[in-house]
Amino acid sequence: MRVLYLGDIVGRSGRTLVLEKVPELREQLKLDLVVVNGENAASGFGITRKICDQLLEIGVDAITTGNHVWDQKETAQFISQEKRLIRPINFPKGTPGIGAGLYEVSRGRTALVINAMGRIFMDPLDDPFACVEAELSKHRLGHTVSFILVDIHCEATSEKMAMGHFCDGRVSFVVGSHSHVPTADAQILEGGTAYQTDAGMCGDYNSVIGMDKEEPLQRFTRKMVAGRFTPAMGEGTLCGVFVETDDRTGLAKRIEPLRLGARLHESMPEL
Amino acid sequence: MRVLYLGDIVGRSGRTLVLEKVPELREQLKLDLVVVNGENAASGFGITRKICDQLLEIGVDAITTGNHVWDQKETAQFISQEKRLIRPINFPKGTPGIGAGLYEVSRGRTALVINAMGRIFMDPLDDPFACVEAELSKHRLGHTVSFILVDIHCEATSEKMAMGHFCDGRVSFVVGSHSHVPTADAQILEGGTAYQTDAGMCGDYNSVIGMDKEEPLQRFTRKMVAGRFTPAMGEGTLCGVFVETDDRTGLAKRIEPLRLGARLHESMPEL
Amino acid sequence: MRVLYLGDIVGRSGRTLVLEKVPELREQLKLDLVVVNGENAASGFGITRKICDQLLEIGVDAITTGNHVWDQKETAQFISQEKRLIRPINFPKGTPGIGAGLYEVSRGRTALVINAMGRIFMDPLDDPFACVEAELSKHRLGHTVSFILVDIHCEATSEKMAMGHFCDGRVSFVVGSHSHVPTADAQILEGGTAYQTDAGMCGDYNSVIGMDKEEPLQRFTRKMVAGRFTPAMGEGTLCGVFVETDDRTGLAKRIEPLRLGARLHESMPEL
Amino acid sequence: MRVLYLGDIVGRSGRTLVLEKVPELREQLKLDLVVVNGENAASGFGITRKICDQLLEIGVDAITTGNHVWDQKETAQFISQEKRLIRPINFPKGTPGIGAGLYEVSRGRTALVINAMGRIFMDPLDDPFACVEAELSKHRLGHTVSFILVDIHCEATSEKMAMGHFCDGRVSFVVGSHSHVPTADAQILEGGTAYQTDAGMCGDYNSVIGMDKEEPLQRFTRKMVAGRFTPAMGEGTLCGVFVETDDRTGLAKRIEPLRLGARLHESMPEL
């Protein structure tokens, strides 16, 4: 299976680029599954029904999120009706929405997408390792499901790597989000799981993690709030990861970073 | 000027590789300056006099550090005698060692290396922005000094990017350390400063940030301490960043990641 | 029922005082139940089998703990054999020991003691509110059990107060530990639950939270480690809370702080 | 000198009580100086010019603050004109307002009030110990100034106690704020400085640290935002500390907690 994961979409710069490029990439890379992280799609904070629909319409199969999932009030309302929008699995019991979604892919295959949130330097949710374990126990890679992706949304690189090894051999691809910076450590772990610590954001990299740099900079230096955080509006760069797996095992044959756009060194997988 | 910065050296896997490769790279890339982060060189925790000497002997010009700088008791003793070992500049007044070092490079040129530590999710030190500002006010890039490097050692990508923009146009190269994962966001900022959020570690990437993965994994899942953290002992990967600057301005002409070794996609700048 | 809870016992100063005073207080206050927090009893770090036995011998009915519970290696070994030593209930499944203990009191009555750990500014464990809820669902105060105590071990006063209100009307007494400072906010909440934000420590108050003040002070000012933390060895002060409940309802009739010893204003409930 | 310090005033419940009681207490306790912490006076968030004026009119001599000082936009505007409103001394250079104020008291005496913010579990400001040291170096207790108060606004009890010992013998009174819970550890330290870890808040104690308990409780259990934090509107309790010093030395002769109002055990110093 050929899968593309795109990291946190930040504001209009990121959205515009994703909406434009996903259809082309789908074709060009013969993608079976496209997953994007949408937690910052709406002006940097959360995701609206409208943006969610736009992404699904142009060929995104599933949208993961993170700590910003509830920033838009409407999300808690519509998430129960939209199984392709996933919130972290380790929210308390009773939280609207789902933390893992099972999707049909071409030729009768299914893909499972899990979203979990780390706890180091982040809000204390339930144990992401135990929650992922519980979800994995319901499936068997290469048998009941062809592909499993885990989006581990967290701050600490140690927690992301630990999740990679924790899932190694049982999952097709573990990818991190939240740092808004792509890492250059794509590798296939010992057990066959593709891994990259962070996919990076889709947004304007002439910024502070996608936000216009003026306000963050003055907060760092003056320790006072002067205005609001707003997304940087320059041309965006698309950041993601391409993974190819063996359908019989569900394990990875190949992992390649994808970077396309204004500011970073470009990287495009070749078929 | 041609400069190579190598990220946090973790234990023997990292050290062996750095000691072996730096002389070759110095030649091959015609390097004028080599700076490495050595805060995890001694079994993952700090740096000893012996390791410091080994690195300096094979052609390292300056060694930066971070939150692990004092892990080895001897460091606070010998650091005052070794101006090529730098600790973060924003430790309190009276701290042994220096936070910025001025070094002679070939053909009468000088290079300034500054090490600062971020405060988000880290121990509260003095303001890194104010401390870097104070140091920069003593120099003028392209006039009194040919090259200025700032190693911003911190957790949050936002703080690293903010430091990049804060220094933009006044510094040759801002590079992050501490996360132990190389980022793929090398770019030249608007003002001409080369920037990469994190250089990554020099160590074994089949690990949890360079440490044998067993203990971190059991701590994440069981929330109890079972043993000590020890560096992973598999073959290492060298991670760093190559920067080329214009001697008249001190600003960057080029920035390229360097990755060399066992597990990550390789990247080698071409002259 | 008349109950005495004593806060974190810190080192020898605290231990000596507790061993001396508990038998007297048991008599004097006609106590039915004595619970102490023992997480710092062994030189400030954890609790040993020997100290545990000493406390149980002189009339302590149950010992709660907190984040320091595993500081002594032997604890994870013997805790399964000693039902009167309790570790926080929200450790992961499979953790040795129990998070809630049911004890027989005089005249056929039973008392339930629950220990939970907060997560704000502390290590991320499972949800303390959900875990306490699960335990409370097995009992009914005033019917299946005469007395329920919740020791909420945490940093933030907000989380402690929230636990108080969360349990209000369903528990006899919610008391905080961990801050090592007694609070002066003893009250009976609207639903009848006795509450005090922190019981304070049993130890030397001429110190930094029970520790000899030299090392903490130099760490705060110099940001370097110079030595180890050792308990302050001056005369101790006993800090705790006395609660009296109605056996028919299990709810509180009275809550009084108890302070006895060297440095703080004394407070002794009168019968 | 006789001094009353009142802890964080939270919303209308706290304000009403302070405005009503301070004039009476000033008389009754023959107070020479009244200092209050006003960081939560305006609906729980910051302080307005109007509230500031009301407090000063009824006999408050100085108002300290903390992390909430800038919550009301107008504060950064008017603070430079009002020397009796103090913000933490360890904000960056260039911050509006002052971190220490010198006030005339009766019979030609002067009192110095310093406000500092801790950094453990709080926003990283400059070193509070170094900043307090710098301020103290300008004065000499018992000679150039009759009374010195340090309000250490912070989360961790360890940092508050460390500040107490750091100032011991050089300051009349070190008192903590921010936790919104009064502590019961009033004591005179070895060097003669009066000390209490936290003065507690002036507000409704049937709450979560002064806030209506519904929203905090649902956030703790559901991990989602449902509404805003608003101050609890029940009857308030006044919490503070009374200190009496020797005018020749400026050191403490006596420290007594003061609690007056709806829910906590009352405590009133007797002259």
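Should a chain be cited, it is by its letter among A, B, C and D, assigned in written order, with residues numbered from 1 in that chain.
FYI, contacts are C-beta pairs under 8 Å (C-beta built on N, C-alpha and C of every residue); 3 or more make two chains touch, one makes a residue touch a chain.
The chain lineup, named per UniProt: A, B, C, D = TIGR00282 family metallophosphoesterase.
None of these values were measured; they are calculated from a predicted model.
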Touch-network distance, chain B to chain D, counted in steps: 1
Result of counting contacting C-beta pairs for A-B and B-C, higher pair: A-B
Same or different residue numbers at the chain C/chain D copy interface, by half rule: same
Rounded Å distance between chain B and chain C, as computed from the means of their C-alpha atoms: 45
Geometric centre distance via CA averages, chain B-chain A, whole Å: 29
Per-residue overlap in chain C, given as positions that touch at least 2 other chains: 92, 125, 127, 130, 221
Residue ranges of chain B in contact with chain A within the complex: 121, 127, 129-130, 155-159, 161-162, 165-166, 179-187, 189-190, 197-198, 200, 205-209, 213, 216-217, 220-221, 239, 257, 259, 263-265, 267
Parts of chain A lying in touch with chain C, wherever the complex brings them together: 92-93, 119-120, 124-127, 130
Residue ranges of chain D touching chain A (in the complex, touch as defined): 70, 76, 91-92, 94-95, 123, 125, 221-225
